[in-house]
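Chain nomenclature is as follows: A, B and C, assigned in order of appearance, with residue numbering initiated at 1 for each chain independently.
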Amino acid sequence: MTRLTPRGNLLLGLAALVLASMPFWAEPYHMQLASIALVAAMFALSLQILVGAAGLVSLAQAGFFGIGAYTVYLFGGRVSIFISLPGSLFAAAVAAAAIGPLVLRTRGFYFLMASLAFGQMLFFLFHDTSLGGGADGVFITRPTMIWPVSRSARPAVFLLLNLASLSLMYLGLWWLMGTMFGHALAGIKINEDRMRALGHDVQRLKLAAFILSGALAGLAGHMAAVTDAFVSPELLDWHHSAEALLMILLGGIGALHGPILGAFALTLVREIGQSVTERQRLVEGVVILAAVLLLRRGLAGWRR
Amino acid sequence: MPISRRSIVGGAIAASGLLAAPAIAQGAPLKIGLMLPFSGTFAALGESIASAFEMHVKELGGKMGGRVVELIRVDDESDPAKAPANVNGLIGRSKVEALVGTVHSGVVMALVQAAREAEMPLIIPNAGNVAATRDLCAPSIFRSSFSNWQPAYGMGKALAAKGVKKAAWVTWDYAAGKESGDGFGDGLRSGGAELTKVLTVPFPETNFQPLLAQLPGLGVEAVGSFFAGGGAIQFVKDYAAAGLRDKLPLCGSGFLTEGVLKPQGAAAEGLQTALHYGDGIDNPKNLAFRAAFKTHANRDADVYAVQGYDAAQMLGIGLAATKGDATAIKDFAAAIRNAKIDSPRGAFTISASHNPVQTIWLREAKNGENRVIGTAAAALADPGTGCKMT
Amino acid sequence: MGGFLVQILNGLQYGLLLFLISSGLTLIFGVMGVINLAHGSLYMIGAYLTYVVAGATGEFWLALPAAVIGGLVLGAVLERILFQRFRHRDHLDQVLLTFALILLFEEARAALIDNQFHAVQVPPVLDFSVPVMGGFAYSAYRLVVLAICLAVAACMVAFVERTRLGASIRAAAENPEMVDLLGIDARLIHTLVFAAGTALAMLAGALAAPLQSVYPGMGDGFLILSFIVVVIGGLGSIAGAFWAALLVGLIDTLGKVYVPQLAGIAVCGLMALVLLWRPTGLFSRA
């Protein structure tokens, strides 16, 4: 999986600055849209560790996202964001650590289907039991920040918060993929058996990637809960996992920053679609078909 | 090096923001968001409500408060997960000034939250979440339908009056089912009876077999239930097919048989239910309404149509008092609160927590009709516990 | 006790319907190596087709052959146009492509029929109930569905075990490369298998229509369950799908009765246990 050169990162940084300036010129609704795209980008980026880096196509990602989101609900009342955020990361990591050893016993198609089923198990946990407040979803009290945020300031504050989270996540992963761990994952993606033959503990590497990926999905879920103040079991549904895969495909499997491009592209397409027609499923279906058939390398690979 | 798409996206969003039409000027159309299910198990209900709402707008000459009405329909698919996005879209993208919706009890919470935050008028034409007129009540939120507690309370009361001592409650596991169950239990207790068991199925599951097979062994004399739309059709059919009709009387809030008697067929014959509407209510308003609706929508009116119609009446009354200004909430609310709504179900008033105070009728399904055979509870108001407006 | 036996019956009936859907899925996986997330949509299509045919002709029984023939045709067309080309693409592409299919099928259904819930009446000749025990009666139609599923299962086993074409299919499931070397027309087998799998799913939808009614999203639950069945039973094994489907049907039904909030989790937990013990499924030949 390729990483951007410092010059490429500079361009991304400029785009981030444009987003950061939105509170000065943009409508609240559009800042809300930007937040939606940023959270989606974090979600897709967390999955990229498995898909792009290690070649593991998983449909369980939404489960960890949802755990991160529901952790905010489970904290209950006025908890500080400095507690809820690590809390979500930790809860999602624990879930990934519990499921990882089981699901990683499988390979290929079995892995895909097993991840789907485990993701659904997490969905059932929040949909069927009263743990998450029921099948309809619940409105939650947002965690407290350093100083109180007024209703009108919310879109801007959350935009900046999500932008900061995504930036940190991206930079962290950018660095990680350059280390031995990142290279080992790349080796597993190309030929798992050879890596094993070379003496690498492939299972442990895959499990580490799985847990990291799950934890970061939990972070994305936490940000979603804070932004929307609403959590529902559908956040854990496998359709949501498939959307993360779509964003990765749109942006390019082969690039670390692909999911970010894909998330923004999908959000934009959806928004345009909403204003044009009521047939949202048609729009989405056609977009996916076009992406799979035409965008072999995703938006990131457009000019290559 | 590929051009970063983010910058292009950012620019596009900026451009559309600058080009968006600004605030509503005098004489501009009044945009009303109609967020209802137009697909899925509640699709027929959504259509009934929307049709009747549109019918009254037509009766008003297409205007409310002196402004031309523009209705914007959104299919909420009875999906609570999509609700916040749908509502934000109506408010942020379509720039509606008032909201009307919805059917599903989970979806309506997003509407309630948005109406509270934006201080925007919201008329709920079905969803009975007690929260909307209890702990989350607000000056701008009204309901033209019922609270989940009301019809079920009536049914429990009527059942106890017949001498039943122990009953069970069967429903979908979501807010509407739970709150109806609470009402049913309260109604039973008011007559000295007991709700001994509650069995649920996840929404919108229609595999009722495992649940039905448990009923004979519960030691109850009757089974109360809440299902609506498509689920009600399947449940009543399955209940009869399992041979339970003769052994364990089935009843429930009227949604069990409302608008679905034809597909239910013989399986529903003789079912008694409690609801704030029924067949055979012969006040002049109802007769005129039913005739007009039959012409307008080409099918018979049901309770959902009545609720949609009354929602339009209430919104019209409120906006007439403020001359079309949807932000003058104080006058808007006062006008509706003090009004007596001339409804096909019978005239009703609004409680202090903005829920209808109405009669719950006892009905029996006979020959494709839900005939009113008596009163289950007269002038019943939802308790409104926890509402800070009262 | 009577209640328990009735629940066993419920579980078996549910499981057999699940088998019909899963058998197609496992064969398609095993023989073609293709993942099809739209399999649940095929079930939905079969049910809506039944609603349309039964409504138009007034005869429910006509819907069954319509579903089977329609399924064979649809499956063959899908295979030739889409899946043949995507067999060799990676998992991500296949997942997304078949996910797009789900969305497009939903749109097609919305455009051609509608988005509404529809009840389908049980055929009048079977519209009675058989007293089973303890004040509970079983719909005769349900018993007939049970019998039909068993018959189909028996036919499938016989076909796959006893005929030459069946042998080719078994061979293709076990060792796709070998099939080419042996000169068997692999492309024909792929089309046949995909068509059969589609027909089975649509037949299941047709049979289930009077039992669970017809509504958008009716295939979602079965999709997940059928994937679990395939994982537990083993890719490409019909016997595996059969026993796994019965097991899953029973656990799901009994779970709904005794621990209703944990039924879904219990089924996934069952899969987790199997994965711990046999990562490639109970009956896999790997």
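Just so we're on the same page, a residue touches a chain if its C-beta (ideal position, glycine included) is under 8 Å from a C-beta of that chain, and two chains touch if they have at least 3 such contacts.
Please read all numbers here as calculations on a predicted model, not as lab measurements.
**Student:** Taking contact as defined at the start, I'd like the list of chains shared as neighbours by chain A and chain C.
**Tutor:** Neighbours common to chain A and chain C are B.
**Student:** Using only Cα atoms to place each chain's centre, name the chain farthest from chain A.
**Tutor:** Centre of mass proxy via C-alpha means gives B as farthest from chain A.
**Student:** Distance-wise, how many Å sit between the C-alpha centres of chain A and chain C, to the nearest whole number?
**Tutor:** 32
**Student:** Measuring from the mean C-alpha position of chain B to the mean C-alpha position of chain C, what distance in angstrom results?
**Tutor:** 36
**Student:** Name the residues of chain A that each touch 2 or more other chains.
**Tutor:** If we look for residues of chain A contacting two or more partner chains, we find 127-128.
**Student:** Going by the contact rule already set, what residues in chain C reach two or more other chains?
**Tutor:** Counting only residues that touch two or more other chains, chain C contributes 110, 260.
**Student:** Quick check on the complex: what are the chain A residues that touch chain B?
**Tutor:** On the chain A side, the touching residues are 5, 7-8, 11-12, 14-16, 18-19, 22, 25-30, 32-34, 36-37, 127-128, 134-137, 139, 151, 228-230, 232-235, 237, 260-261, 264-265, 268, 271, 274-275, 278, 299-304.
**Student:** In the complex, go through chain B and note every residue touching chain C.
**Tutor:** 38-44, 199-201, 204-207, 209-214, 216-217, 229-230, 233-234, 237-238, 241-244, 247, 263-265
**Student:** Okay, in this complex, where on chain C does chain A touch?
**Tutor:** Counting only chain C, the residues touching chain A are 29, 33, 35, 37, 90-93, 95-97, 99-104, 106-107, 110, 224, 227-228, 230-231, 235, 260-265, 268-269, 271-272, 275-276, 279-281.
**Student:** Write out the stretch or stretches of chain B touching chain A in their complex.
**Tutor:** 1-7, 9-14, 16-17, 20, 75, 79-85, 88-89, 91-93, 105-106, 109-110, 113, 117, 173-175, 178, 202-203
**Student:** State the interface residues of chain C toward chain B in the complex, per the touch definition above.
**Tutor:** Answer in residue numbers: 2-3, 6-7, 10, 13-14, 110, 114-119, 121-122, 129, 131, 134-139, 211-213, 215-218, 221, 253-254, 256-257, 260.
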